[in-house]
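Letters A, B and C name the chains as they come in the text, with residue numbers starting at 1 for each one.
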Amino acid sequence: MLGGFFFKKEQGGNKVKHLLNMKNLQINDIEMILERAYEFQNGAVSDLNNPTTVANLFFEPSTRTKMSFEMAERKLGLHVLPFDASASSTIKGETLYDTVKTLEAIGVDAVVIRHEQDGYYEELMSGIDLAIINGGDGSGQHPTQSLLDLYTIKEEFGRFENLHITMVGDISHSRVAKSNAEALTRLGANVTFLCPSRWQGDFESLSSWEAVLPNSDVVMLLRVQHERHESELSFSKQQYHEEFGLTRERYDQLKQSAIIMHPAPFNRDVEIASELVESEKSRIFRQMHNGVYVRMAVLESVLKERN
Amino acid sequence: MLGGFFFKKEQGGNKVKHLLNMKNLQINDIEMILERAYEFQNGAVSDLNNPTTVANLFFEPSTRTKMSFEMAERKLGLHVLPFDASASSTIKGETLYDTVKTLEAIGVDAVVIRHEQDGYYEELMSGIDLAIINGGDGSGQHPTQSLLDLYTIKEEFGRFENLHITMVGDISHSRVAKSNAEALTRLGANVTFLCPSRWQGDFESLSSWEAVLPNSDVVMLLRVQHERHESELSFSKQQYHEEFGLTRERYDQLKQSAIIMHPAPFNRDVEIASELVESEKSRIFRQMHNGVYVRMAVLESVLKERN
Amino acid sequence: MLGGFFFKKEQGGNKVKHLLNMKNLQINDIEMILERAYEFQNGAVSDLNNPTTVANLFFEPSTRTKMSFEMAERKLGLHVLPFDASASSTIKGETLYDTVKTLEAIGVDAVVIRHEQDGYYEELMSGIDLAIINGGDGSGQHPTQSLLDLYTIKEEFGRFENLHITMVGDISHSRVAKSNAEALTRLGANVTFLCPSRWQGDFESLSSWEAVLPNSDVVMLLRVQHERHESELSFSKQQYHEEFGLTRERYDQLKQSAIIMHPAPFNRDVEIASELVESEKSRIFRQMHNGVYVRMAVLESVLKERN
């Protein structure tokens, strides 16, 4: 059974440190990462001394996560080997294990992987010595997104305890919702869900805009993942927006201190009214900005063991 | 209304400097760029001191423009984030604005964009703080190509005044023709056009090979853009070559001092006889060589404001 | 007539050094490369002093060869320009010559090319001044793979003379088989072939597992290239494995000191039983590891002439 934010194992005397998911992540580990990210944001330089090489294996399209890692890697002074999934030997039928083992043999120290298969990393836990950072697995987890969300909330409020977090949208298909809800609850926040009942997944309680608007400190909008379940959608974008989107009317009922978050890419006028994307309460682009520092902290942490 | 080679605006106290098109480019600005490019060609090093990051967003295929920018960026010591348009979130429906804003949030200082839509940059003029360099917009403009053409002419003749420039080919669809004709005229050159009447576009006067061959200092061949209007072509490649291509017979009637230019990629035995591509009068590969220094000058210029 | 490992020509006073194939490679040259690779593996640093730029032109999918070159290039401190074949001007019909000449004009010092056409480099031998390293041409040659195979054998046994090398598989379609068999024979090894008769190609003698197992020092498994001749395959993967694959039974009959090699990507349970990929005798990932140092030596060698 896999689990744990940082999964450590002994192999040939080496500790291998990965970042796979948020499940068993210790609060201490979260705090360490957030603190180090804060230091990076304020000009700290990497503790890594030796030449270190990473590769970003994105088997699904991505702009912001991949670019954010690329930026973090350069700010840390790492060598970054370009990997093009569409032109790789995987199209000759190579397994993910063999691809990753190949990169290890070539001398790569860590890989960031985004892959459409939930828990793709389980087959990599035995036999692989390089460090793995999960950049998103199917509809599973996306731990660096969770961490940058946490960072953004901490940056805003200085705490998690007793914050009222409302998650709105496609909870059952969202990596982010699953990772975040659990971590936020452990950190002391109160998490409420607002979603169409068909997308409720394992989550028990639903709420309504009327109930959450006056109390929410954070409104986390989730992406409508058109590309994952286009055919099952029984309502139009406009209907979604009217029922579950953040409209100007709803925005105006939020507390003065409330903030709006979205993991992006967002669908304008679906999850959020286009005019609100860069509104005063929106932290959507701030999240992306913060993500670079959080990923620097994660990369440094897993690489430090090997340096 | 947009326009201006360097478009400046005040936003939060910052001047943002872009290179969008050639339209309102001051002669002073052109001369500054060409002079700085000359310095780079002779070993000058970048004035940029702080770590600077760029990304090249090519939404259309390109070898030489993209590679030329990549080389220029490395010669300037910039960090270059790899961007793969085909694997980006644009395929999840993200707008160009949101993609560029994302890169800005991540910390990118400048982007080079090639996009199939004419004037794609207009939607980026409000709200974006990073610098934009137009690497070609649809059948609009391609200012760094124009500047490297100007550089190559200046390098050859030391001046623009009273030069006879003949542009041959698909004028109405050519970014290069539009940018160049205007700039060259302002710089004092005489520009003549030779093209099939259906491609004449807004240009008024047409000429003939017989009329232009004895007088031309520069013959600028334009690309037959098969991929843009394959279906409308009412003549074969061979017919085009016979009527509008540079054949050996025509080449031999040029002045001793005349040069041949082409923005490339060229179609051998269509715009130009294959044997003439690397002939004595050809500056086709010289143009590509010069392009690196011109792009260094442009990148330095837009980035200097932010450094 | 082309040939020679290092093809030298005089052009404008410059020696241009390429690595094209193994055919006429002098034993001295091989030894020099292997020795330099050994030095790199033991921490030697590059002799190249001036800024040097390379590009990797992979017109066929590849993970390990491309990544291995990318790593070697970074370890040598080279600038690497990203080249995306699928988004290049070749799709606008540009010839390989014009693409390579373009890169030369832009200032690239060397290109690594993988191309589906046998002997693609012949059209580049006249007029091109940058260095060309063949990363695999069709079903022709793949000289850096051959060299890393030689390196791995030398590393293991300290010699080539009188070693018994058995090559198993798709000999006629394998770049590796052709390059290696010739070089190994010249170096004093005895090469035996084991393959389905339809794939025998030009090779004269075939053997059987029974005959080769007790004597082989090296078993070089070749890839079943499904993507090259799927339709002609008259037997299933399982049938291939039973007749020509390395099974546990065959493995157990090998000499204590024997090693197993495969150029990869391998098809698990086709050429080799999955459980044997990382077995004690397997050098498959060691080959990949060694490839980086061999490619460093090759790159340095061709670039040294220009530096």
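Odds and ends about this structure:
Please note the rule applied: a contact is a pair of C-beta atoms (placed from the backbone, for glycine too) under 8 Å apart; a residue touches a chain by one contact, two chains touch by 3 or more.
These numbers were taken from a predicted model, which means no experiment stands behind them.
Under the stated contact rule, the graph of chain-to-chain touches is complete, every pair of chains being in contact. Fitting subunit A to subunit C on C-alpha positions gives a rotation angle of 120 degrees, to the nearest 5. Taking the mean of the C-alpha atoms as each chain's centre, subunit B and subunit C sit 40 Å apart. Among the residues of subunit C, those touching two or more other chains are numbered 82, 84, 86. By the touch rule above, subunit A contacts subunit C in their complex via residues 53, 55, 79, 81-84, 86-95, 98-99, 101-108, 127. Listing the residues of subunit B that touch subunit C in their complex gives 58, 61-64, 67-68, 70-71, 74, 82, 84-86, 226-227, 264-268, 277-278, 285-286, 288-289, 291-292.
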